[in-house]
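One chain, chain A, appears in both complexes that follow, with chain B as partner in the first and chain C in the second.
This part shows the complex of A and B:
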C-alpha cells in the first residue's frame, strides 16, 4: 500500500508546524508543508493545522488566518470528505473561526498563559481520531492563553465532545478539550498530541491519536459513519 | 487617490463581549479597582477600531463598515459590535 500522506498548513506565525511534521513522520506519514497562500485542491489523506500565533493572533485568535487562501481549499476538502483534518491549539481556533467547527475559543478564565501537562478523558472512542486509543485517560501537554471553549445555544451532540479535561484548566464549557464535526472528519483540540509522540519527550500518549488516524485511513473499518 | 465623487468617511467600530460572557481582563481590573476603594460594580473590556472608508456616498460607506464589522472584526459567538460615525476631519 502507498504511504499515507499528510499536509501541514503553515501560516505566518505558526510555531508548532515542525513538531507536527516530526510527529507525522514518526507515525509513518509522508509529510509536506503547505504555505497559507496555496489555493489549489489539497490531495492529502490528512491535513494538519498546527498551533502557533497565526498573524500574531491580532484581532482575535485565528481570526485573520481564516481569510488565507488555503482555508478555502480546506473548506472544500472537508465538504467533499477527501480526508481527515486535525487542528491543534491555534489550528482549533482557526477551525472555529472559519465555522468548520462550532463555537469559539477565548481567553482562559484565569487570564493566564498555561503551559503544563494535563489529563484528558476520552469521551468518544468511535471517531477516526480516537478509535485506537486503549486507555481512558491520556496525558497531554497544553500551552495556551486562549483555550476557553464557548458555544452559544449548545448545538453539540454529546458524541461530538471527543475529549474532556479531567480538571478544567481554562474555564471551558463542559470541560471541553476537543470536539469533532457532525461528519466526523474534522477534529479540533487544545492539547498538543504532536508534542507527546516520542520516548525522548517522555510522553507518547499523542501517538495514540496518530495511530487512530492511521488505522482509520488504512481500513476505515473501526468507525461507523 | 480620491477620484471625483469619492469621499473619505470615518467610522469607529466598538467590539465588546456579549452580556453574560466572562471577561477575565475586566474581572482582574475590577478586583484592583475595588482594592483601591473605588465603588465600581463592573468592568468590561472591549476594543475600538477606526476605519477610513473611501466611497461615493455615506450610505455605501456605512454598508461597508457594517460588513467589515460583522464579517471580520467580531465573532458573533461571543461579541457584539456597535458602529459610530465620526465627524470628518
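This part shows the complex of A and C:
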C-alpha cells in the first residue's frame, strides 16, 4: 500500500503547522503544507488544520480564515469525498466558524490564556480518530485563550462528544474538549495531540489519535479515491 | 544668527547638550539644519549612541554592538541570542510596552537570519499589593502573553521579583533565542555601493517617535505616552516568515531590523558598518498617515519593520514574498560610495540632510574616574540582626509565600511554552529550560537571572554571583555553559554612584565571563531607571545558553523515588559572616546590608564540572542549585514540585537554613549509586554532606528539629501570587 498522505493547511498566522508536520511524519504520513490561498481538489488521506492565530485572530477567532479559498476545498473534501479532517485549537475554531462543526469557541472563563497539561476522557472509541485508543484517560497539552466550547441549541448527539475534560479548565459546555460531525469524518479538539507525539517530549498520548487515523485509513475504509 | 539660536534651542529641547551641539557644528563645519538636528537628537541619544557605556562595553567585547545579536556555534548550527529591555514603555503603557518589547527583540534575532525558537523574561515590579503596581504587573504579563503566543515563539523560562524600588519604573527584560544554519547567518553590514535598500513590514506611523530619546531620560510622569509604540503580532508573525523566505533568495545581501530610531538608525548603521554612505528617498517610505512630517518618518519607531540590502534586479523576488505575507514592500534608497548620509524628499528631489555618516553614527563617549561611594562601605559594615524568638514554621511559611519565592505558575501558565514542540523541560520543574534540536540527541539549555540585593550590596561580586548562578542553573540540568548575553539596568549615568556601580558591574561581568570561558556575545544597556528621585538598585540581568550533548541524560529539580539519598554538594558549611543579600534577611528582618558571599572561581569550576560528570554518568536523579532563600527553601522546592517528603538533618540555626552562600547544589540519588557517588567526589576532591532521604508526601518535611506539613506549604507556594492578583 502507498504511504498515507496528509496535508497541513497553513493560514497567515498559523503557528502549530510545523508541529503538526513533525507529528504526522513521526507517525508515518507523507506530509505536505497547503498554503491557504488555494482552491483545488485536495488529494490527501488526511487534512490537518493546525493551531495558531489565523489572521491574528483579529475580529473573532477563525472568522477571517473561513474566507480563505482553501476552506472551499476543505468543504468539498469533507462533503463530496468524505475525507478525514482534524482541526486542532485554532483549527477547531475555524471548523466551527465555517459551520462544518456545530457550536462556537469563546474566551475562557478565566479570561486568560492557559497553557498546561490536562486529562481528557475518551467518550467514543468508535470514530476514525479514536478507534485505536487503549486507555480511557489521556494526558494532552492545551494552550488557548478562546477554548470555551458553547452550543446554543444542543443539537449534538452524545456520541458526537468524542472527548471531555476530566477537570474543565476553561468553562466549556458539558466539559467538551472535542467533537465530531455526524458523518464522523471531521474531528475538532482544543487539546494538542501533535504536542504529545514523542518520548523525548515526555508524552506520547497524542500518537494514539494518529495511530487511530492510520488504522482507520489502512483498514480498507480509506477515503481516498 | 536668529536661526542659529533657534536650532540650538531645538537641539537642547531634543535632549542634546550644549557641548554636544557645539561638537556637531565643529565636526560639520556648519550649523545642522532643523531636519538634521532631529536626526542627531535620535542617533546621539543614549539608547542609540551608548554614550555613557561605550567606554566600558568595549572592555567586554570589541564587537559587542557590531551585529544585531551574538551567537555561539553548536555543530553546524548557530544559536543566536540577545536580551533587551523595554522598561520605560512598560511604566507608562504596560501592555503595549511589554508586547513591543517582545516584537523588538524577536526582530533582532530574525535579522541574523535565525528562526526565533524561545523567549525568556526577567521582570521586576514593586509590591503587587499596590493597585498601581498590580496594574503594571497584569499589563506586562498579558502583553507578553498576547504577543509572544500569537507569533508562535514559546516563552520557556524567566524570573520575576518584587521590590519597592521598581514601583514606578518596572524592569521588563526579554531575551530571545534563535537557531540558524551556521553558513546562512546574515550580516547587517552593507557590502557595496549602489545596492538597493528595501523596506518591508508595517507602514510607518507617528507611534514611538522619540522612542530612543524617551528611553534615554528619566520618566517625567507627563507627556510620556506618545513615545510608546503599538504592536501588531499578526504582522510580526508574517514578517518572521517573510524574512526567513527572503533571506534564502539570491541577491539579498544584508538585513537589519528597524528598532530604536527606525529608518534613520537601521539605514545609517547598515551603511556605515559597511564603510559606505547611503541615500534615502522619503516619498518611498510606506506611510500610515499623509500629514506625517519628514523628521517623523525618519524617527518613527513603528513596529514590525525590517530593511534588506538587495542587489539591483533581485527586488521583484523580494516583493513576491512580501505579497504572499501581506506586508508592505518598497525600495527606499541605495548605498553610495561617498561616506555620507543623504536624505531626499524624492530620488531627484530636494536634499533634506547631507551628513558625513561617521559624524552622525558615532555619538560622543563619556566616562569618568569613579570613586567608591560611602554608601557601599556603610552597607557592608552593617551587622546582621540576630534572629531571635521566631518560630521556624512561621519563617518558612512567610518565605515560601513571599512573591519573590512563591511559584510563578500564575504567570508562566499564560505563556505558550510548548509551541514548536521543542521544550524538553518546561517552566517550574528545573533550574533552566531546555530546547531540543529535533531528530538529534542535542539540545540547548537557557536561563535568565539577576539578584538586585547582591548587586546593590556589591556590584562587582554581586554581578559575578549572578553570572555563576546562571551557569549553575544550566549545569543543574546537565548543560555545559557556553555564552552570555546581558542587560544592564541602572539609574542615572550622571550620578557618580551609578557610574561607579556600572563600572564595577562590568568588571564583575568580565571576570566571571573569563573564569567560566563563557564570552559575552551580545547585550543591552538601560540607564535612567529611577524611583522617587533616586536610582533603582543596579540590576544587571544575565542570560545564558548552554549545550546539552545528550538529552537522555537531562535532569531536573524533582525528587524521583522514596528512599533516595539527598546530599548537599559543594560548600557544605555556611559562612555566617557572608549572608548579606539573603532573601530571608530582607523578608523576615527587613534588613539589607552586610557582606555577600563572593564566588570562589576555582572551587566553583571544579564543582560545576563534578555535577556535570554526575549527570553524564547518570549517577544522580535530581539536581537543584541552592540560591534565593537558602538551603531549606531549595529542599522545599524539590519536595513541592515532586510531591515527595523528606527526612533528615539540615542544621539548627536560621543562618544555616536560610542564609545564602555560593557554590552549593542539592542532589538526590538512589542508594545503589551511593558508593559510586562517594568515590567520584573523593576523586574529584569535592566535599558533600548527607542531608537525609526522600519520603512520602504524607510524611512531610522533617529536618530534625521541626516537621513541616508539605501539603500546606504546597498550597501556599502555588496560590500566593494568584490570590494576590485575583483578590
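Just so we're on the same page, the second predicted complex is superposed on the first by the 217 of 225 C-alpha atoms of A that agree within 3 Å, B and C clash if a C-alpha of one lies under 4 Å from a C-alpha of the other, contacts with A are read in each partner's own complex, and residues count from 1 in each chain.
Note that a residue touches a chain if its C-beta (ideal position, glycine included) is under 8 Å from a C-beta of that chain, and two chains touch if they have at least 3 such contacts.
Everything quoted here is computed from the prediction, not taken from an experiment.
Asker: In the superposed arrangement, does chain B or chain C reach more residues of chain A?
Answerer: Greater contact footprint in residues on chain A: C.
Asker: Which partner does A:106 contact after superposing on A: first (chain B), second (chain C), both, neither?
Answerer: first
Asker: Touching A:16, do we find chain B (first), chain C (second), both, or neither?
Answerer: Touch partner of A:16: chain C, not chain B.
Asker: Quick check for you: in the superposed arrangement, does A:83 touch first (chain B), second (chain C), both or neither?
Answerer: neither
Asker: Should A:151 be classified as contacting the first partner (chain B), the second (chain C), both, or neither?
Answerer: first
Asker: Please output the residues of chain A touching chain B within their complex, sorted ascending.
Answerer: Per the touch definition, chain A meets chain B at residues 59-60, 63, 67, 96-97, 103-104, 106-111, 148, 150-152, 171.
Asker: For the complex, which residues does chain C have touching chain A?
Answerer: Touch residues, chain C against chain A: 142, 145-146, 149-152, 232-235, 237-238, 324-326, 412-421, 423-424, 436, 438, 551.
Asker: Touching chain C in the complex: which residues of chain A?
Answerer: Per the touch definition, chain A meets chain C at residues 12-13, 15-16, 18-19, 22-23, 35, 37, 52-53, 55-58, 112-116, 141, 143, 145, 192, 194-195, 197-198, 200-202.
Asker: Sort out for me which residues of chain B touch chain A in the complex.
Answerer: 21-22, 24-25, 27-28, 72-73, 75-78
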